[in-house]
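The first chain written gets the first letter, and so on, giving A, B, C, D, E, F, G, H, I, J, K and L; residue counts start at 1 in each chain.
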Amino acid sequence: MTGQNTYVKTEIVGTSDVSISEAINNAIGTAARSLRNLEWFEVIELRGSIRDNKAASYQVTLKLGLRYDAGA
Amino acid sequence: MTGQNTYVKTEIVGTSDVSISEAINNAIGTAARSLRNLEWFEVIELRGSIRDNKAASYQVTLKLGLRYDAGA
Amino acid sequence: MTGQNTYVKTEIVGTSDVSISEAINNAIGTAARSLRNLEWFEVIELRGSIRDNKAASYQVTLKLGLRYDAGA
Amino acid sequence: MTGQNTYVKTEIVGTSDVSISEAINNAIGTAARSLRNLEWFEVIELRGSIRDNKAASYQVTLKLGLRYDAGA
Amino acid sequence: MTGQNTYVKTEIVGTSDVSISEAINNAIGTAARSLRNLEWFEVIELRGSIRDNKAASYQVTLKLGLRYDAGA
Amino acid sequence: MTGQNTYVKTEIVGTSDVSISEAINNAIGTAARSLRNLEWFEVIELRGSIRDNKAASYQVTLKLGLRYDAGA
Amino acid sequence: MTGQNTYVKTEIVGTSDVSISEAINNAIGTAARSLRNLEWFEVIELRGSIRDNKAASYQVTLKLGLRYDAGA
Amino acid sequence: MTGQNTYVKTEIVGTSDVSISEAINNAIGTAARSLRNLEWFEVIELRGSIRDNKAASYQVTLKLGLRYDAGA
Amino acid sequence: MTGQNTYVKTEIVGTSDVSISEAINNAIGTAARSLRNLEWFEVIELRGSIRDNKAASYQVTLKLGLRYDAGA
Amino acid sequence: MTGQNTYVKTEIVGTSDVSISEAINNAIGTAARSLRNLEWFEVIELRGSIRDNKAASYQVTLKLGLRYDAGA
Amino acid sequence: MTGQNTYVKTEIVGTSDVSISEAINNAIGTAARSLRNLEWFEVIELRGSIRDNKAASYQVTLKLGLRYDAGA
Amino acid sequence: MTGQNTYVKTEIVGTSDVSISEAINNAIGTAARSLRNLEWFEVIELRGSIRDNKAASYQVTLKLGLRYDAGA
């Protein structure tokens, strides 16, 4: 963060059947369809569903930080 | 939550002169005018105003979870 | 907060090279370009960058409370 | 809160055999016997006792906000 | 709590389509089928599901306190 | 806690050069000079000063719970 | 803190249209009208109101620590 | 969570020399030997041991949510 | 914690009229009647009752960690 | 933060009789005498002493982030 | 804390087979071998190991506050 | 932890472009250049940077526990 920039933080939950990292990237990728200038993420919560006595999905709650775009 | 869905969490404060439940439903109902696919709520904070030495209103801060709509 | 109003809380980070107060006002001023009816703020986090062994910028994370506008 | 007012917050536990709302109002009503200018409450904790495998009483811990009265 | 008693705390989630209080009592009633000497509850979390833009169920996470029974 | 009683919680710091327990009892004993019906305490914080590389005093922050006395 | 002293902590909200520091001093100054031996403060929460898209007032919630006066 | 179901949450620590995910699955798999109807997990804490200046094991504290089985 | 072991954490409240340490040991001793392989404790909360303006009992809430026994 | 850098966080308390900002800069300036590559600060706690019913000093607890220097 | 002093806080875990107080003093005594000007401690966490169904050791996590020495 | 040992906890941020585990190991490996007897780590915070709408780096804040070495 530099200068007089302003940033917005938005909370989002990504899911994946495969891994924690993929859940993070799914959340970022989906958010990027409607939000520009994504700069950082913070993991807030990690949970998941169980099926057949194994972790069946990972659900990662993130805060995404995005630079408020002057021209927006 | 299932599959590879992504969810957004938005923070909202509902108020009611009548009850905690009505404050929750007022928040959800108002949010539903502009947000689709609302799936769950989490109560974050409960407070209210006092008049004539009684609870005059309930103010319930919620996080609303909504499924990110692919077509949005 | 009065009556049956609903409020939205949005998280934003204001920055300033000068002071904590200016960082708060930068965040509010920027948010006001796209959000109406801003009513209150809550300071969530205070941090900053260091340059030449002095605080070079203040970064203030706020929650902004805004009244949900019926006509919105 | 307006102007240069000062407010005091005091912590109180209201109880009721009937409902959460009545416990809140019992706390406010009792506090009002000795405190003036009560303006708002914040729910800090909610618990209760169990008898015959049912909730037998609700115990609601509140912070009460009261305007410091210049003439006090 | 008196004397040299020992207590166990167990975490349980009660649900109800009707009210917060019923969700609390459903949790206590279900727990009482397998646990004796339930003495108190503490509300840890309150959330719920949304259907048709209304609260469709309340999910109340409780800690239940029970007196450890010497003869158990 | 029973019936429709109301309780007040007040925060107090007891100190002792000897032990944690004495600090707790000093706080309770001092509070009892001006407050009646003290029923329970909750330890909020434990700290102390160091002198000659040993704990020189214990400072225990407590919340004291007292039954609001109808005749008070 | 020294010796066997006892301290009381009381929660108070100071407000100011000008600055955070003035809000702190307003709270202390008002409390000092009825409380003696104020020794320290801890900032618990910082918020404020917004008017014309600027911070219009600062509301600082403090805990004030005061030495319990033997002669009180 | 649907209907009037009740759920139990139990806290468990899984370990693995290999990865965070394996530690989660080890915890679930072990719990499944004595608990039925496991539905979800929440990660509470993540830590580990160090050997030869590398992470030698991962220790993941989970809350496991399981549906209380009427016939249990 | 070593290897691929799994551990369970259970929450328990020990009480004693004498000391904090005895309350901890009472909790462990009582739990040991029905639980094997207790390995560690974590103090979660410390409170107590007051009688005659002195601490009359200590109530210590612990989490007990126990190694899940393969043969259980 | 970029690349494979490692950062250390150290906790420090700056004080000032004048302002919060000066307390922050005093802490950074003092730390810089023995620590290199200071990059950011996070405010953890804000408190102060009271004299003559005014804030007499500000005590700001910070975490300082510094880049671990390969040649160190 | 007075004047323009700066303080460092360092986190340390003391252990003792005997008592909580001895664990605190062991931590302070060990830290004093390499750190000067220790002024206060804050207890962050209290835990311990269990052997033969009794508390076998106390592990107390402290923050130690020390005055930054100008000549250091 | 055994006997009368004392442990120090130090806070460090490891980064990696590849994975959470590598960020943990980078932190431990870097710390090991100047610190001996590292025994355990606790994950305090997980965040990262975003580039091209993907997680570009992981930043893991750890507390490292190390045994205070008598001969140090």
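FYI, a contact is a pair of C-beta atoms (placed from the backbone, for glycine too) under 8 Å apart; a residue touches a chain by one contact, two chains touch by 3 or more.
Remember, it's a predicted structure, so these values are computed and weren't measured experimentally.
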Interface copy of F-I among F-K, E-I or J-L, judged by whether over half of the contact pairs recur: F-K
Chain B and chain E: spacing of chain centres that average the CA atoms, whole Å: 23
Between chain G and chain H, centroid-to-centroid distance (C-alpha), Å: 45
Computed distance of Cα centres, chain K from chain H, in Å: 33
Where chain I touches two or more other chains at once, by residue number: 10-11, 20, 49
Which pairs of chains touch, using the document's own definition: A-B, A-C, A-H, A-L, B-C, B-D, B-E, C-G, C-J, D-E, D-F, D-G, E-H, E-I, F-G, F-I, F-K, G-J, H-I, H-L, I-K, J-K, J-L, K-L
Residues of chain F touching chain K in the complex: 19-20, 45-50, 53-55
Chain K contact footprint on chain I (complex, rising order): 20-21, 24-25, 28-29, 32, 38-43, 64
Chain L residues touching chain J - in the complex, by the definition given at the top: 10-17, 26-27, 30-31, 34, 49, 57, 59, 61
Residues of chain C touching chain B in the complex: 1-11, 63, 65, 68, 72
